[in-house]
Amino acid sequence: MTHLTDDLHAALSRQRIETPSWGYGNSGTRFKTFAAPGAARDVFEKIDDAAEVHRLTGIAPSVALHIPWDEVDDYAALGRHARERGVDIGAINPNVFQDDVYRLGSVTHPDEAVREQATQHLLDCVEVMRQTGSRDLSLWFADGTNYAGQDDLRRRKHAMRSALKRVHDALPENGRMLVEYKLFEPAFYATDLFDWGAAYAHCVAIGEKAQVLVDLGHHAQGVNIEQIVAFLLDEGRLGGFHFNARRYADDDLIVGTSNPFELFCIYAELVAAGHSTDQRTRTTAQDVAYMIDQSHNIEPKVEAMLQSVLNCQEAYAKALLIDRDALKDAQQAGDVLAAHRALTDAFRTDVRPLLAEWREAGGLPTDPIAAHRASGYQTRVTRERGTAVGGGGYPVKEKVMGT
Amino acid sequence: MTHLTDDLHAALSRQRIETPSWGYGNSGTRFKTFAAPGAARDVFEKIDDAAEVHRLTGIAPSVALHIPWDEVDDYAALGRHARERGVDIGAINPNVFQDDVYRLGSVTHPDEAVREQATQHLLDCVEVMRQTGSRDLSLWFADGTNYAGQDDLRRRKHAMRSALKRVHDALPENGRMLVEYKLFEPAFYATDLFDWGAAYAHCVAIGEKAQVLVDLGHHAQGVNIEQIVAFLLDEGRLGGFHFNARRYADDDLIVGTSNPFELFCIYAELVAAGHSTDQRTRTTAQDVAYMIDQSHNIEPKVEAMLQSVLNCQEAYAKALLIDRDALKDAQQAGDVLAAHRALTDAFRTDVRPLLAEWREAGGLPTDPIAAHRASGYQTRVTRERGTAVGGGGYPVKEKVMGT
Amino acid sequence: MTHLTDDLHAALSRQRIETPSWGYGNSGTRFKTFAAPGAARDVFEKIDDAAEVHRLTGIAPSVALHIPWDEVDDYAALGRHARERGVDIGAINPNVFQDDVYRLGSVTHPDEAVREQATQHLLDCVEVMRQTGSRDLSLWFADGTNYAGQDDLRRRKHAMRSALKRVHDALPENGRMLVEYKLFEPAFYATDLFDWGAAYAHCVAIGEKAQVLVDLGHHAQGVNIEQIVAFLLDEGRLGGFHFNARRYADDDLIVGTSNPFELFCIYAELVAAGHSTDQRTRTTAQDVAYMIDQSHNIEPKVEAMLQSVLNCQEAYAKALLIDRDALKDAQQAGDVLAAHRALTDAFRTDVRPLLAEWREAGGLPTDPIAAHRASGYQTRVTRERGTAVGGGGYPVKEKVMGT
Amino acid sequence: MTHLTDDLHAALSRQRIETPSWGYGNSGTRFKTFAAPGAARDVFEKIDDAAEVHRLTGIAPSVALHIPWDEVDDYAALGRHARERGVDIGAINPNVFQDDVYRLGSVTHPDEAVREQATQHLLDCVEVMRQTGSRDLSLWFADGTNYAGQDDLRRRKHAMRSALKRVHDALPENGRMLVEYKLFEPAFYATDLFDWGAAYAHCVAIGEKAQVLVDLGHHAQGVNIEQIVAFLLDEGRLGGFHFNARRYADDDLIVGTSNPFELFCIYAELVAAGHSTDQRTRTTAQDVAYMIDQSHNIEPKVEAMLQSVLNCQEAYAKALLIDRDALKDAQQAGDVLAAHRALTDAFRTDVRPLLAEWREAGGLPTDPIAAHRASGYQTRVTRERGTAVGGGGYPVKEKVMGT
């Protein structure tokens, strides 16, 4: 039985998971968005839901916004609303993929006017950062092509770099831009930021405030994500995560549900880097933005987010339990299986009692999901909010906020 | 220079490609459906577009319907409209994935009432077949689960078989049901009809009118599709195709655009099976329903469909040019590279002159795409139809036909 | 804390894992076979190693043979040697892929003489089954092609069926043939038994003694193996497993090391089918042959096999702990996340104390790997056997037994 | 009919493909190396075969060496032998993966002594470069791990960088090192140089003489290789290719046989970059080392190499035919399908007549494979060399040169 030492308690108390506003509203696949009873209808309700997740878990103290889905006239008021609920505004996520003008791309579009419009939206979001006090601008682009020859890949690369550079140079002093990459979807021939290497090369060329964001669902099959994490940490260029789970493509399921061992291995690299003797690596590890990015298509949204946060907590707790001396000794001795077991022994450990103990010490419900189910929250919001008609796939501003 | 022999002419004249009504309307990804100027707004306009494709190519004489997207009160009138335009109504495609009740499945749903509702819709579509004179009921199910444990996989299998059996036994005498499988999407843990083997096992258990439908985008990476085609032909269970192209998942791009050699290899198996000494294999090959199933997200829809039909025609023409005696001799001699070249020599051949000759002989435009661009068709329908607001991803009845 | 009930004790005592003789000798990749000190040099030493694994774990009471790697003049004597060590001879695995004559295939080769030679070897192995009292003939074929056009896919399919049928009809009365499939390797264009569907179709056509064997490393990326397992169990056609782990291709690593959750989900289906109300499904589940097929390229072979057996034991133990009533209730209620947690709660449980208790009750070392390390076995065999020079990749008879 | 303009003639005459010495000897998979009659037994015979390929094609004037497989006492004499046959010595390929000491890695091994031994071999190969006048040191490492936790990923990264840096700084003035990456095999958990991004980051950190080498078989499924090529060209860091073909893993088949359109798209990017207005991009494109790296397991080796060279020539010729003005106009206009067709029109063109014309002008056989088959070369070398017994998988020095 593993005990909650002071070190473990402190480490667990430092964990932070940011939940996304869009995870609380209706979403779906290209085939159908099922309307979920009680799904949040606007940014205020999304913040309410995020606050509920934080209230029950204690480690989800901020919520990411998506602009324009979460656009408001008065961000100061929005910030006050959030703080009153016990959470902060987190990363700002611009949207340059849902206007009709973006059919062939945004910052890499063939037409300069479209590129300018897209870049201007990014710069507007930098302004939102200032108003919300957000540190991170989280950038994902749908830009790419569907057919070989459709566009000039190098021209698009230049356009991407140019836009990123402009935005980078406009960031607040302590601001940071997180550059997300993706293998495919919605582009099916070539995505302009197609893998971590492409994002990394751009970041290095652009400046110190540009960091790579790793979304767990954005890789080809078989790719070793924890190795990318270790590589970026070592280069001082890991900025953040979009956590989710997948078996196939960018399935955007609840993080940790399809291969919990992979999530554990990722946290193992993060914990190890946090102890690195290399200053840059250690600093990078301590500054990582942990964010969830999921699409809860068939399951209740608040409960799904609770499960996501708890899955991250379990993975992190297990990573904290790794006997790093035994691991290092076995690695240095070339004892392949002993080293592997030093890692997997921690994974095999059931950390639920440990986490219950930590929660109790912090005045949190020992079983947040049971507490949520017992609280009547879902029933109440369903009554208050009703069942909004879903759009297709990702939300579109008009539909979600249309009233 | 390859010449148009009588045999070639006759073979080319026998080719048939069915285009889908839904390929002429707005569609997109879960992120966005871009509104295409002039996109068809209802089933009558879709039939007009399909007729234009047939007018220019001569080998696309039928159009598949999707129910309820293409639901009308009077199918006899719809059939007359089609025939007046020069095309026939083809396969009927039921939709059991866009009602809110289908959140957890249709014919495999945990709730018997939902299963019954879904099965009833399939039976209703059998009635539509009778009214339209359609031979094929083309069945695709979104049914599946997103999380391990979510449902009992064997219970769902039994439910699938039971529903398929009921529908099978209700088919018209000359009717046929085409059972489509898919690796994933929109289900991300397990899809109930997950591969050709699952579809095949159901078909064999159900009856002679059940055949497997191969959608080119529904396989895992690396899967050899022409081998599945050859296997099913040999077992007498290949019913049809949904043609499209992909690099990653079910990208639904224009067929032949990402790996034209694969499309050629598929046609090579079909042509070979058509010459088989085995009666069942030969009959199966002659009865295959060739249908397109694509999502034209960023390109003009009628031109995209023209390109699709022409890509199939080129692949088929090349397959007809294979020197089958040379191929067989090299295969039997174990001459690996000579056999490979007997195949690839046909693929390397530029069949465009041959096809121009065939078109000329049939009074068709020698360059259908140039003819389409010169015809003013796109300009006219854009003026007449305007730009309908797209929904998200796949069309939903209310949105597309909302007027 | 989970307690060892009588039911759990009985279930755990019923588990059986068969280890393969070839897992104890040198093996490697196409690049290099590293010579492992103390690796078994002949079938007698392999049996000694297998016996050591059984002595320490109590659930590995049989060893699979590979013919001709393990060919001996007197199988009765070999059987006595095995029984004296406490193990039995298990499945017989014919080899029709390492003679020069098999360059273009074995039972599907273009040349009838080669097909006949290969089939004759299979029939010879049926004779070995009689002499060793083996129940299972485990069939894997390297047959396939590297280039499109190289051979006629349907001709090869016919040849495969014909050979399988002959062998099937020659099986002993209680004998069984396990038909293994594989996506690719060593064939890189088309493998004749390319997936479970192909193996299944052959088995159904051939007869009741033909069953499908699932090797965990033989699928395309993303394929849901537990669903195939559930499907085959339900159809009464799951014959056995080749357990191992992979991230990429057929990596043949220690089972359970790359995605332990997947192994758990497979066992969850097996345990569930064992409780099925369907007689055929239940019988099938009880008759499954659980075999390991791995390539220990860089790690000590006996310890690797111990780890493999223990990983299977943990996965099975966790599957036994699933609260099946809670699971079923949640599934029927459509409570997606509660159903998922009913499954994962069992996976999250640390079963090591439970298994230690079971071992203690059976007079086994509570930590088999520690016991093995402490036993001096590895030191002793290294001294006695020395370090045999490895061949490339898979063993070849001359090299392994040449001295 | 496309005519051979002076520009086309000149461009075709500039093409260079380097063949690898190891492609002429026996090789196989981990399961079996089939002995090929007449396969080259030593480096002199390999050079003879390479010279035959160049004699027939005119565009394969150099041969890559693998050390120590091709180790000789007197490289000056080897160079003379080559030049007498009409070919030059090309890239030098060190081997740090076949000694027993490399079981856990070479330059990233846990043990410093092994790291030093491996690095020393690389430095010895730099000395071979000086003696042979080779420009390129082509580096591939099998280094990696099989199990999570087996070793410290960041420590291995540091070791890799350190070794690369030492070798880089020892290169001759005009020398270059080509850093190859690979997704997996023979490492099955993590490969130290796992993708182009990792290789690129190392190259940028190390110095100007370090460039990335793209092997067509070393990517995850779905990865867009031509986009990586375009990216690296634009960054001035594309050093060379290892050409081959694959469907699944690193299948090492004849280049262009599984997806000829992909090979064409790669050449299209190279030709386009060669016309770039950016000096660095243009220079990089002109300096690319085009090398074949294949494993001819079942087909005649010299004919396989001829086919490989010819497939590259066809792809390049088609890329030269792209109407770049039409392509650019359509791209800038956002005319998706016209742009795609500007590319595919070139691919559809049958360039065999054009290439026959070019060969005739250069005094080459118009059909090199027919000429080879008619020449009696294969019969002669089979008589002279006999059939060497193959080892397993990749050659090992002792086996290939042992006589």
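Assorted remarks:
Lettered A, B, C and D in written order, each chain numbered from 1.
Definition applied: a residue touches a chain if its C-beta (ideal position, glycine included) is under 8 Å from a C-beta of that chain, and two chains touch if they have at least 3 such contacts.
These numbers come from a predicted model, not from an experiment.
Shared contact partners of chain A and chain B, listed by label, are C, D.
Between the CA-based centres of chain B and chain C the separation comes to 39 Å, rounded to the whole angstrom.
Residues of chain B in contact with at least two other chains: 104, 146-148, 183-184, 189, 221-222, 224, 247-248, 257-258, 261, 298-299, 336-337, 340-341, 344. The touch graph of these protein chains is complete, with an edge between every pair of chains.
Chain contact summary for the complex, chain C toward chain D: residues 27-35, 97-98, 100, 102-104, 142, 146-148, 183-186, 188-189, 221, 246-249, 251, 253-254, 257-258, 295, 297-299, 391-394, 396. Taken in their complex, chain A has these residues touching chain D: 104, 110-111, 146-155, 157-158, 183-184, 189-190, 194-198, 200-201, 204, 219-224, 226-227, 230-231, 233-235, 261, 265, 268-269, 272-273, 276, 281, 327-328, 331-334, 336-337, 339-344.
Every residue of chain D that touches chain B in the complex is listed here, in rising order: 221-222, 224, 247-248, 257-262, 298-300, 303-304, 307, 314, 336-337, 340-341, 344, 347-350, 352, 369.
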